[in-house]
Each structure stands twice: as structure tokens, then as C-alpha cells.
Amino acid sequence: MMYAHFPVIAVMGLFLGAFLVEIFGTKNKYIRNTIVMIFVLLAAVLTFALIKPVMVNGEIITYWMGSWEPVEGWAIGIGYEVDALGLFFGLFCAATFVLSAIYSFRYMDSDDHLGHYYTLFLMLCGGVLGLVFTGDLFNMFIMVEIITFASAALAAFRNYKFGALEAGFKYLVIGSVGSSMILFGVALIYLQTHTLNIAQIGNEMAGNLTPVTILALGLLIMGFSVKAFIFPFHTPVVDSYATAPAPISMMFSGTVNKIGVLGLIRVLYQMFRVMDKEAMQMTLVVIGMATMFIAVTCALAQHRLKRLLAYHSISQVGYVIMAIGLATPLGVTGGLFHAMNHTVFKGLLFLCAGAVFYAAGTTNMDKLGGLSKKMPLTCACFIVGAFAISGIPPFNGFASKWMIYLAAYNKGMETGNFLYIAATIVAVVTSVMTLASFIKVTQTVFFGQLKATNDYIRDVPLSMRIPMWIGSALCIFLGVGYNFVNKTILNPAMNAAFSAERYFDVMMGDPAAASAGTNYTINLSVWNPILWLVLFAIVFAAVAIAIITTKKTVGKVMLSGSDNQDPDGKYAVFFSGERSQYSHVVGSDMFWGFRKNFSKYFDVFHKFHNGNVNDYATYCVVGGIIITIIVFIFVR
Amino acid sequence: MSVLSKIIADSASKSPWIYHINTGSCNGCDIELVAVLTPRYDAERFGFKLTGSPRHADIVVVSGPITTQSEERLKRTLEQVPEPKCVVSLGSCPQSGNVFKGSYSIEGPLEKYVHVDVTVAGCTPKPEAVIEGLYKAAGILKKKREAMKK
Amino acid sequence: MMFPYLPLAIRNFFTRPSTVQFPKVPVEAKKNYRGWLAYDPEKCVNCGMCIKVCSPSAITRTVEPVEGGEKITYEFNMTSCTFCATCVDFCSTKAIHMTENYHMVSEDPKDLVTVGSRIKETKNKNKKLTCGDACVFCTLCAKNCPEEAITVDRAEKKWEVDHSACVKCGICVEKCPKKCLSFEEPAEEKLTCGDDCVFCTLCAKNCPQDAITVDRAEKKWEVDHSACVKCGICVDKCPKKCLSFQ
Amino acid sequence: MIVLTTILQILIFPGFLFASFIGLLLAGIDRKVLARMQHRIGPPIIQPMYDFFKLCGKETIVPAAANRHVYMLAPWASLCSLIVMCLFIPVGGLTFFSGNADLIIIIYLLTIPAVCLIIGGSSSGSPYAAVGISREMVTMIAYELPLIIVFLAIARVVGRGELVFSIKTVAEYQIANGALVSHIALIPAAIAFLLIIPAEVGTQPFDTAEAETEICEGPLVEYSGKPLALFKLNSSLKMFIMSALFTTLFIGVVYTGNVIADVVIFVAICCLVTIICMTLVHAVTARLKIEHLFKFYWTVVAGIALVSLILVWAGL
């Protein structure tokens, strides 16, 4: 049972690292980087070491802080309980920590106060990992607090940038509204069940939900929804992701909103076990649909790269929430898988956005153009990420979205409830609109004509490129080999989510119960590998032919707007005879047909996002009230 | 591979795509050229098709006396047409400037800029004459394609 | 009707297409279609009217002396012609007419040209038009003269001709009802000296060909007519203005 | 051995050679019938093949402003995805490759050719291409909504449980109890699908993305030579695949014993479908503005599809 201590070592290591970096790391760059690297790698290695026991053998690791074992079946101390669900989230969060750390060494080296940066960074990582492994409700609240404050500070880290402080402030206000709701809920639960251990609470409240606990349920759902930045509570996301440095945006969109999702799953599936009720499922699906559609349409109207990516994070989390709301084995698997995929490709996209910012100095799409000639590798990674997020078959976005559609439609067929059919339709249309907005970005930023003033741009240094390559490789591997991923990681995580009783028995001290309970399995046998092998050979041959045949026909690189306007007529772009001048079609000119038809819709959301914090706070509270009312009426 | 290259050379004359450049013409020849695609004359029987971009073109049809404004654009567009290509001058204007000869804004015959493969004379040539000219140009395309192959 | 042309399209599909299969089916141009220009050099009197009226100046005339007279070739450049047929109207001898041949297509623009040439003896090369006394001043000759060289004043019954403008085309001779116009061989103009000559020898000194010899002593003046080129310098130089060509 | 048969399937029978030959044939028939509807003789049936081989023979110019690799790769990627789609469709009763949810995969495989055209167009760096791809994208959003509704309606009638979205079950269902078109509830879905095909392939009334008069052939403006030949081949392949999809989903595959007869009947039905939904509409209508196109698809066609979904859902 050596690995019982791994989770605690990982979490505490990160906090210790934060402490050490603050002391030693402020002066010398190399000490700081090594400390950060040590502790982040330590956490990652320990988390990955847990795969064998938890995922493969199916055990659930329990660890009592200060070995305060439960007395006569009553949990007193803080208990860590690492089941497959928690570890699943822990895995890709730990991977994100490592990639983000490597990326930020080079990306942030021109900033100052890096000591504080890395302290906050490690605090954020510690908070996320702590929440993932904890089995104690109040400990979960503490970790949420740490994450909120670390994120607020990191969002406003580059305070000289326009809107950074405002973003940090908004994040703080909305985040603390959410946290206070969670605290209020936790207090109510403690009042009722006299314990803070999730498993025990679940066992106590199974079946007999008193009005107070239902209020607590409403508040917890609202609190964690704020953390997951779902529709009514998504407002601070856009500003904070945009102004935060790229590795931090990657952490936000990869891990921070995923812990909100994990919190929701724990609350709904394991603590209150309300997910078998039809009303609860429908509310989650409706919230998911709303988040998806509204976020992606707002994304289409953006012309700043990071704001667009932020809106997409919200819409993808909407997918995850909808999938989890289905409460069917395939649905939850799809949801979890999409959560992982989203962390991977959204991280990749934010890193590419960071690379563009690092090289070109701005992420305002109207000023950029034709960067693919100067930054070919970043462009390639961005295209892989864009295809992954819009769900193009060979990539990982497709695999999870495919599961979600199948699950939603199956649920609709079984229950005969038209809402799930509408959910499938909205999901597909949202996926096409995601593709549309990313086509807009690739055309505006990477392809099209290079501005003469952007001639100085060079590709980013190697240490920033490695995380991007790893990200793209993961995108492709997860997309093609998702059967393998399903068997090893996804199935156990999904079964863990469904088996709340097993979660309780093991917590209360008999590890043998780990293998009890029903285990669902999903067969997804669409791609047979042989065909893919042959197809890959054909594509490879085609690429070779394509490259060979165009050896001799390319002219000099032409910089539009510069002096050599017209290298020689033959290879200049066709301007119906005119000299080729700079006429780059930027993002805001695109999709005229779509925007004209949606103009009234966009006016509504223009007014909705008016940027003042009080309105955002009211949206949160109103959203919370509505959820609580729904929970009161329906979930009894 | 000779069979395939024979097919390719053959089809060069069977699907000649036309790109029309109007260098200041009075549009008399332009409507004659388009009249060729109407049901009565139907040049599409031979595979002719008007294309929107010079990159897709095989036959470039130039009409109008090359005015100073259109001279630079004519040169650039002619360069952008991929080989093998043919140039057909439609009507009298490109060859000699017709009634506009000697005016200050006429830049002289088309021959100055590019070797004209087929000349279709007539101040608005009859549609049948236009078809005959294009057909002859399509024949030349095949020869050019074979010449290119060697 | 949502799709106004739907029935028409379906009906068209089942009826025979209205395309004229041009290369297989020879298509004749309409009756007086203005196609390729035809030129009959024999009829042409080389008056040059067509060149003057041709707006795109598609017609060029070349005259080169040949032993019996001069060879006049007219070249009608079809690639420059605008087919307005003005030349056909103005050609008084109807030497040009428009055929219905519209196949003006070729790879080499040089052979889109109509050329005709004629050798013309120089019969009335240096003759002058003179009017006989049977003239009734009907001004027909004046009207038909392409160069307006003849002016007739019916009131004072006066008839003159501007010899420099006249191209000796002979149209007036034909048109004159009284046939009183004819080309006479003017007497050979000779340099003659009047009687108030003072034998100052200025004319002899200025003559470029030294055709004049003056003997002040015996007051004698002769001229060598074969050497004289009738340049007229002596006439200008003579102080007494007694020299003239008769 | 399996690899060999798979290669044979991919490259010869339902895959590249067969599909492209039939595709070009369909394109030829489409142009010929269109000409006849305009009362003119029209090009020979194998004219698209002449076009394809001529374009192969022409010089390939890569503009200086273009990103060369993406520019050259786009047509090939689009071609590969279309070949994969050919394998999904049971031509002549032989299903070569069917998982348990191919309709969703078909939807996404349908987006790849459009995405490749878009990426190819935008990598050519021409402003015309940029306007073209923006229109192409709006067209894609436009026809995606009714497409998914139609597929959901079919799945509701045909599929049960796990195998809800697979074409094989659709084919079997139709053998068992008659073509899906005979279902009253599914007739609007069939009409909606017929209206979607021209937008997906990009023929006349809905080819605002490749309008040769307004934006010089949209995304294809800079292409010449082999890539352009491939893009033209892709569009005719799409024509074949969409009509084949319609026949398998709605008209049902007729099994008459030997394979050749099946294939001939299948191709004949596809021919009929292309003539009805593409040529007839092309001969009669003019090109739409992109804004009207979007409104048309999201109101009229989506409405028709929704009607059929509701009818199906009401248990008809």
C-alpha cells in the first residue's frame, strides 16, 4: 500500500514548492525554474503512478490525514479518497501543469515578479490536485478558495495590460459569490449530517432529502456551476482568459473549469445521488444546451483571439455538462472524455495564441494576417487544435462528440422526451459553428496576406514549441486510439461516478468493497485499425505526390504592402489585373450572411454582456435562485 | 505513360476554357462572345466554358483596343494564365485599334504584348466566326500541349 | 408561380434543341451582310475617295512607277476595317463592294487583307483641262469633280479650272453633256524675254543651269531650252519683269 | 489478405476508381440534361473527364503569397475523406465498412471536403478566396441544421438501441418493410434532404461560395493544374455520394441477385436523383445571395425537416 501516500505527497509537494519558490526563487531564474519543475514533475509522476492501482486493479485509495480513522463508523478527520473518477480528472490536470510550466519558463521570462507568478502557479496546481483527490467536503471548499484567489491574482498578473485588473476584479467578485454559496451549502449539510466526509454524507442523505439539504443541494450546484463557468455565470471568464498570460489561460480552461465539473459530479452523483431523477437530468441538459449555443454564437462575433477561445471554453464545458446531465453510461463516458479532450485541444489552442502573442505582440485578429509563412509550426499546431475542437473525424474532438450525440439520441429514444433530440440538434449545430469560428481565426491570423509591418515575426523558441507538439500528438492519439483510452481510463471513471455505495463502503474501511457494484461497459467498435492503416498509407502517398509535383513552380515570397509589390506577375495573387495591394479579409468581415440573420439575437447579447460587475453578480444570484427553485420543486 | 499523355494532349483541345479580357471594347464583341454560349450557337458542344479566373483559363480572348488604363492590367492577367495557353483577338480593335487608331489613349495592337494565336476579324464578328476562331485556338492548344511535353 | 420556368424547362427537355450545328451545317450570312471587302482594280480610277472617307483608315494606296506608267495597288486591311461600307457608297466607279463571307478568321493577320493593283499608263500626265466654246455652263462638271477643281459661274458665264487641284481623273469629260471638255497638250512652255529687256545679265548669273547667255554689246539674249528646267528663278530676279513662260 | 482486399475495396470497387468514374459520369449527365433543358445540345456526356484530364495536363502555379504545403495538401485530404465516405455507402447491396453509428460519421465526413476547400482557399492568400470561404462556411452552417434533423428522423423510424444510427440497419429495415419514402412521416424529410443536396455539392442556386461571376470561383481562384483537377473531381464525387446517400436512406437498395445488376440499378437511381434535385433546380433558378440562402435553409428546409421529425415523433 505504498501508493496510499502518493496523493498527499503530490498535493503537499506543490504547496511546499509554492512556499520555496517564494523564498528562494525571486532572485535567480534557474533556481526558480528548477524548484517549479521538481515539484510539478513530482506531482505528475505520483499521479500517473496511481493509474495502475486505481484504474487497472480497480482499488480505491483512502488516506486519513494524521491517521484520524473514523470512530465507530463516523468520519472525523479529513479523508483523501482517490477513486477512478477523481484520478481521471487528476491525470489530465497534472499533464496540463507540466506542459504549462514548461511553456511559461520561456514565455514569461520577459516579465518581472516571476517569483510571485510561480508561487501563484504552484498554489493553483496544488488547489486543483487537492480538490481532485479529496474526499472531504470542507477540504474541497478550501481548495476551491485557493484556486479562486490564485486565479484572480494570475488573471491580473500583467496589470499593465488593458483590462487585466478589471478582469481580476470581476473574477474575484463572481468567484467569491460562488464560493460563499458553496460555504453556505457545506454549512447546511454539516448542520444536517454532522460530518464533512463526502462518502458519509452521501450515505446519510441517501433517500431522505430534507428541505434544508435540498436547499444545500441548490446552493452547491450553483456554487460549483460558478466554478465551472456555465451559462449565467460565465461572464468573468471572457475577460480573465483574455488578459491572463497564455499558460495561465491554458490552466484556467484546462483545469479550473474542470474542477467545477468534478464538483458538480461529486455533488450530484455521489453526495446527493439525485441524478436518477428525470427533472435533474433535464435541468442539466437545458443548462448545457444554453451554454453551448450562446457561447458559440458570441464567439463568432469576437475579433480578439483569446476572447474567442474563452467563449469556446464555455461552450465546450456546456457539452460536458449536457453529457453528464444525460446520466446514462455512454453519456457520462462521453462527457468525461470530452472534458479530457477539451483540456488537451483548448490547452493547445491557448498555447498557440500565446505563441502568436509572443511573436507578434498582439492577439487582435484585425492586425494579424498571413502568419503561416512566418510561423509554420505554430500554424500547423493551431490547425490540429482547430480541427480537434470542431470535431473533424481523425481528431479527438470527434470521438467524444460522437459519443455525446449517440448518448443524447439514445436517451431521447428510450425516454421519448423530445428535449434530448433538441439537445442533439443543438449540439451538432454548435459544433459546426465552432468550426466556423475557427475557420475565421485560421483565415484571419494564419492564412491570407502578411502585413508588411508584421515582417519581423519569427517562430517561437523551441521550449515553447515542445508543449504544442505534445498537445497536437495527444489530440491525434486520443482521436484515433480512443478505444484504448476508453478501456483503460474512461470506463473505471464512469463506473466510479455511478457507484456511490462502493465509494462509501471503501471510505469507511473495507477496501474489499472496491470491486462490488455493477460495472457498465460500452462497445465502440467503429474504426477497425486495418482500414486506418491502409487509409493512412494512401494519404501519405498522396502527400508525397503533392509535394513532389510542385517543385518548380513557386515564386519568391511576396510581402503585400511592401516595396516588391509584384514579384513577377505570374506568381502574384490574382487581383483582377490590379497590382496586388494589401487587402486582407479580416475576421470581422466574415460570415456576413449569418450575422445579418442573427443581428437581433446579437443585440440581445450585446446588452447582456455590458461589462459592469453588479449586473454579472445579479446574473449569478438570479441563476442560483432559479436552480434552487427547480431543485425544490422537482427533485423532492 | 504515353497513353495517358496522349489522352491529356487530346483532352487539351476538347475542353478549352475561355477567359475574356475587355481592354476598352465597345462591348459589341463582348456580347458576341457571350452570344456564342446561347442555345442557338451553343459553343458548349465543344467544351467551351467561360471561367472566372485566369488561373483556370486555356484560351484568353481579348477584345477592345488596348487603352492606356487597361494595358498594365492586360499584361499582368496574361502572365497569370498557366501554360499551355492561346490568345485570341476578337474583332478588329485589338489588331489595329479600328476607328480609335491614332488616339492619344490607345496603346497600339495586341501583337505588341503577346503573340496572337488566332485573329477573328470583323467589327463584331459573326458568332459562327467566333466559334470557328475558338475552335482553331483549341486545335492550337493541343499542339502547344504536345510541344510542352517534349 | 414559385418556379416560373419549370414547365418550360421540362418541355424543352423533350423537344429537339434549337442549336444550329455550325461546323457540320454551313451557315450562310443574310443577303446583304457586310462581310469581306471585294475590290475590282480595273474599275478603280485611283481617285482616292475611299481612302479619304475610310474612318479607321484601313485602306492604303501605293503607287510605284513602272515602265509603261505607274502601278497603283489598293490594300484593304480587314483587321482594321469597321465594315461601315462608306467606301462602297463613295466609290464613284463602284470598284468596291462587300461580300457575304464572314469567315474572317486566321492565324496570321496578314492574310485578312484584300489587295488589288493596276498598271495605269500616264496618258494625260501633263495635259491641262480646257473647256471648248460649246460650253453652256450647266455646272455638271463642277458637281462631279471629286477635287472641286472646276468653278462655273452661270451668271457671268465664266468657267475656270484650278490645274494644281485637278487629278485628271476624266470624270468631268464623261459627264459633260456638250462634250466640250478635253485634255489638251499644252504647248511646251518656253522661257521668252520681253522687249523692254536692258540686258543687265542678272538672269544669266542666277540661272542654276546657265541656260541663259546675254551679250550686252550686241544687245542679244538667248536661252538653251533643253537645259532650262523652268525653275523660274530668272523670272523673279529680272528687274524689268520682262521674262515669262509662254 | 485482409489488407489486400481492403486496398482493393478502397482503390477499385466502391472506392476511388468506381466512384470517380460514376461521379464524372453523373456530372456529365447533369451538364447534358441542363443543356437540353435550355434547349441546346450541350457537351458530350464524358466532358467532365476531358476537363479532368486537361486540367491534369496544365501547369500548376502556386502563388507566392500562398502557404505551399497546405495549398497542395487540401485537395488530396478532401479526396481521401470522400473515398472513405464511398466505403460507407452500400453500393449494390455490399456494405464494406459499417460501424454502429455511421450517420454521425457521415455528417462529419461530409464536412471534411468543405473544410479542405476552405483551408485550401484561405491558404492561397487571395481576397477573393477569403470572401469565398466565408460564404462556404455560412452555407455549411445553413445546411447542417436540416441535415441533422433529417438523420434524426430516419434514425427514429429505423434504429433501436445501440445500432441507432447505422446505415446497415437502415438498409435492412427498408428490405424488410419497404422504402422509407413510403412512410408518410418521412416524405418531408426526403424533400428536405433533396433540397440539401444542391447546397452540399454547390450547384447553381446555392453556389454563392463559388460564384464565378462575382468572386471569380471563390476559394478555387488561385488553383490551376492538378489541384484544380482534384477539386473538380471532388465536387463530382460529392454529387455521386450525396445522391447515393439519398438512394440508400430513402429509396432503399433493390437486391436482384447478381452484383452488376444491383450496381447498374443503383447508379440509375442516383442519376435520376441528381437530375431531379440538382439539374432541374439549376435550370430553373438563379443564384441566391448568401443571406437569403442562410435564411432559406434555416427557415424553410429546417421547417420541413422538423415537420417530419415531429410526425415521426408523434408515432406515425
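Which chain is which? They are A, B, C and D, in the order written, and residues in each are numbered from 1.
Here, a contact is a pair of C-beta atoms (placed from the backbone, for glycine too) under 8 Å apart; a residue touches a chain by one contact, two chains touch by 3 or more.
Only a predicted model underlies this, so the values are computations on that prediction, with no experimental measurement involved.
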| item | value |
| --- | --- |
| Taking each chain's C-alpha mean as its centre, the one farthest from chain B | A |
| Chains most often in contact, by C-beta pairs | A-D |
| Intercentroid distance (Cα basis), chain C paired with chain A, Å | 95 |
| Chain A-chain D separation of Cα centroids, rounded to whole Å | 35 |
| Chain C and chain D, separation of their C-alpha mean positions in angstrom | 73 |
| Residue list for chain B, restricted to those that touch at least two other chains | 39-40, 42, 45, 53, 55, 80 |
| Residues within chain D bordering two or more other chains | 35, 38-42, 59-61, 128, 216, 221-222 |
| Of all residues in chain A, the ones touching two or more other chains | 570, 572, 574, 576 |
| All touching chain pairs, where touch follows the definition stated at the start | A-B, A-D, B-C, B-D, C-D |
| Complex contacts: residues of chain B adjacent to chain A | 53-55, 70, 72-77, 79-80 |
| Chain C residues touching chain B - in the complex, by the definition given at the top | 17-23, 27, 29, 33, 35, 55-58, 77-83, 102-109, 112 |
| Touching residues (chain side chain B, partner chain D) in the complex | 5, 7-12, 14-17, 38-40, 42, 44-47, 50-53, 55-56, 58, 80, 82-84, 145 |
| Chain B residues touching chain C - in the complex, by the definition given at the top | 39-42, 45, 92, 95-99, 101, 111, 116-123, 125-126, 128-129, 131-133, 135-136, 140 |
| Contact footprint of chain C on chain D as seen in their complex | 33, 35-42, 280, 283-285 |
